[in-house]
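In the two complexes below, subunit A is the common chain; its partner is subunit B in one and subunit C in the other.
And then the complex of A and B:
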């Protein structure tokens, strides 16, 4: 084990010490939220619970959950727990409806995130010798900034997120001698495919570490990437709302993802009942350290299972196994969360009316594909001129692509007689 | 003066055109002319039929999205340059042709072309000024 992999002190606290620290931070955070955020204060009152009632960590379960809809309802600054003058950065993430989720950071929050992302990268062996390239869809631009900060904290040389074509990314990857690449599994698969097509003049890559973010990576894709590119893959889990990627990260044991429990309180709950899950369930997070944007029992929609055995790396931070699928209605498109109601709201904004049917299809395994939106044809959309129909398709594609930050393809479909004429969206996988 | 055409939205997949033909046949509607514009995903079928009301009802009943739109039926001299004469007129008047197709005219002498002009009012003006006939629905049906 090289020194680079050595965990920091906070990652190896004895469980009792960690729990004690968590409780202190939690109580302080609950107090701040209660005092500064009317939403939380009202929630506490409704549930007959006050911050001082939380005497041990388990007491947190008496407080209600926070959902993405709550964040959208308090757009833009309603969930901030510090005055705006103390906010130094504002991030926007896709939300659960018409309104996005807006999060803020204080100066200290930024420093905290820098260290958390740095810690996760360090666990993957990244250090000041590395050239770190960040390649993410525009919808993950916030994470691009966080990863840049985290890698810079390790004094690595960072090639930040830049909107480049796949070919240009490959050129940079090869010519700049990138040693660590941060990207989504979908994009990594696309890079691999492009490389395979370059058989005539194979690129000589220097990449040793591939950090996969945004969605659970399939085991066979990881194996293929590691074998064909002679590198090590590391999976990170994070959130778009509480500002941050890399809340959970893999160590060299590659046996689940360590959650940075010194800054987050982790619960895995049954998505139906909200009670602690026996085996697998939904990840619920409570922030312990962030000042500007405290989240208390936030339903992430991500699915995971706790790994209970001790880890060979020596970290005592508990591990999760990130499972595919979601417990909410959101679709994960190239690592970017997309809510059907958000898509419908954008489509309505473009067309000026709600289409009779609008079905979303998540990308198939084929590379280069983003969200597919199938609009059911109706009298308001139809024209006898093909060019008018194509104009509608292009307009909706452009609008969605701009708002969501992922590629979008719009298709016009026949309005079949058996489709119920409701205005809801149906998410299906291809 | 105008002829009402029916446009039908179809997905670009096997059997859709036959389905429309079947629906119209079952409703005893006769197709007099048609044109199909297609893209990789979908097509727009434009039809002139002998009974719009029956055709629209049957197509809608079967869940298809339809629209009536106005087109012009113009007899075109059946000789070299016959079509060109019309096109030149429109060109000179900056009238655009969105699409056009031919109509069966078993009586011969002239071909009948169906035009979707934009703007349509100006096209009418040009044709009338140049003494070109525009067929009514009755005249078309009788041809």
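And then the complex of A and C:
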């Protein structure tokens, strides 16, 4: 084991010490949220609960959940726990309703986040000798910033997130001698395909580590990437809402993702009943250190299984295995979470009316696209001029692309049209 | 080393602490800050066994302190430097220090006591100069030094200090805090309760903020020092003009 991979003391806690610190931070966080955020205060009262009811970590299960809809309902600043003057960064993430989720960070929050992302990258062997390239879709722009900060904290040389074509990204990857790449599994797959196409022009890549973020990576894709590019892949799990990426990270044992339990309290619940699940279920997260935007029992929609065996790396932070699929009807498009109601609201805003139907499709591998949106044709959309129809589609595509930060393709369909066999229907909005 | 969970204390019918959780690790210097009446001193009194009827858990080196008498708690290794010094005015400085080693005299540790007296005198040379003087005639700063020295004479594993800078001139207060930092460097575990938040957090490893009997913040001392809310509430920074026109 190289020195770079040794777990730092911040990743190794005696169980009773971690439990004590978590309880201290949790109680302080609950008291602050109760005092500063009317939403939490009212929610506690509605449920006949009070912060002081939480006398041990397990008591947290008595408190109600927070969902993405709650964040949208309190747009823009209703969930902030500090005065606006203490906020140094405001971030907007795709939400679950008509409004996005707006979150804020204090100076201390950003410093904490930088250290957490730095720790996760350090676990992947990133150090001051590395050239780190960040290649994410615009919808993950805040993660790009957080990874830049985290890598800079390790004094690595960072090529920040820049909107470049795939070809240009490859050029940078090759010419700049990038040693670590941070991207989504979809983008990594695209890079691999492009490299295969360019096999004639030899690309002498120096990439040693590939950090995969945004969505669970399939094992066969990881194996393929590792084999064909001679590198090591590392998986990170994070949230689009507070505070960001790398809340859970893979270590050199590659046997699940360590959750940063010193800053978060992790619960795995049965998505149907909301009761604690034995090992597999939905990830529910409570922030312990976040000042500006405390989240108490936030239902992430992500699915995971707890790994109960001790990790070979020596870190004591608990591990999860990130499972594919979601529990909340949202779609993961190139790592970006998209909610059908959000898409519908954007489409309505552009068209000026709610379309007859609006169906979302996950990207098909062949198409290499992002989200596909199919709008049901009716008199309001119909035009006998093809140009006019193309103009409408292009307008909706542009608007959705801008709002969601992922590539979008819009198609018009007859109301009775069936879904394509090779694409999965996410959800019908109407 | 010291673990407190869900501590609740009452003064008459009033709940002074409403479920406070806190811990001090071996060799740590931890600061507990908060405004007047937030319950800081109450917490120390409960730890020392001076406040009956508290609820929750207090344990020191994994031993519960629930039914322990103050003298047993001192014998177990916890000593407090009380608010307002509380030195024995009519007694000499030397006798005050010797009284701190009361339990050790009973164990006939005369050699150790002599050695520790020398240590206290080298830590606070002014006390050596005034060793024959009545403690009541000392200045506030000297009395604070004596009070700390007296507590140290019991050879505590954990030193609790209640507002050690109260009523002291800034230079004297700084000397006291420098000494505490020195003691921490030597391996002593310290829990300090202070209204002078900046001074306490400057020397502390971790800190807690207590507000009307409830813990509202916990974290590394340097993070708390940088926290805007703490700066406004406890570090005396006036931000009014920067905030005009904003929410």
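Here is the rule we use: the second predicted complex is superposed on the first by the 416 of 430 C-alpha atoms of A that agree within 3 Å, B and C clash if a C-alpha of one lies under 4 Å from a C-alpha of the other, contacts with A are read in each partner's own complex, and residues count from 1 in each chain.
We adopt the following convention: a residue touches a chain if its C-beta (ideal position, glycine included) is under 8 Å from a C-beta of that chain, and two chains touch if they have at least 3 such contacts.
All values reported here derive from a predicted model rather than from experimental measurement.
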| item | value |
| --- | --- |
| Residue contacts with subunit A in the superposition, subunit B compared against subunit C | C |
| Subunit B versus subunit C as contact partner of A:25, first or second or both or neither | second |
| First, second, both or neither for A:106, with subunit B first and subunit C second | second |
| Subunit B versus subunit C as contact partner of A:341, first or second or both or neither | neither |
| Subunit B versus subunit C as contact partner of A:378, first or second or both or neither | first |
| Contacts of A:194 with subunit B and subunit C, given as first, second, both or neither | neither |
| Subunit B versus subunit C as contact partner of A:84, first or second or both or neither | second |
| Partner chain(s) touched by A:127 [first = subunit B, second = subunit C, both, neither] | neither |
| Footprint overlap on subunit A, where subunit B in one structure and subunit C in the other make contact | none |
| In the complex with subunit C, residue positions of subunit A that touch it | 17, 20-21, 23-25, 27-28, 31-32, 35, 51-52, 55, 77, 82-86, 106-108, 111-112, 289, 291 |
| Subunit A residues touching subunit B - in the complex, by the definition given at the top | 377-379, 381-387, 389-390, 411-418 |
| Residues of subunit C touching subunit A in the complex | 3, 5-6, 18-23, 25, 208-209, 211, 214-219, 223, 226-229, 239, 242-243, 246-247 |
| Contact set on subunit B toward subunit A in their complex | 5, 7, 9-11, 16, 37, 39, 41-42, 44, 46, 62-67, 69, 98-99, 116 |
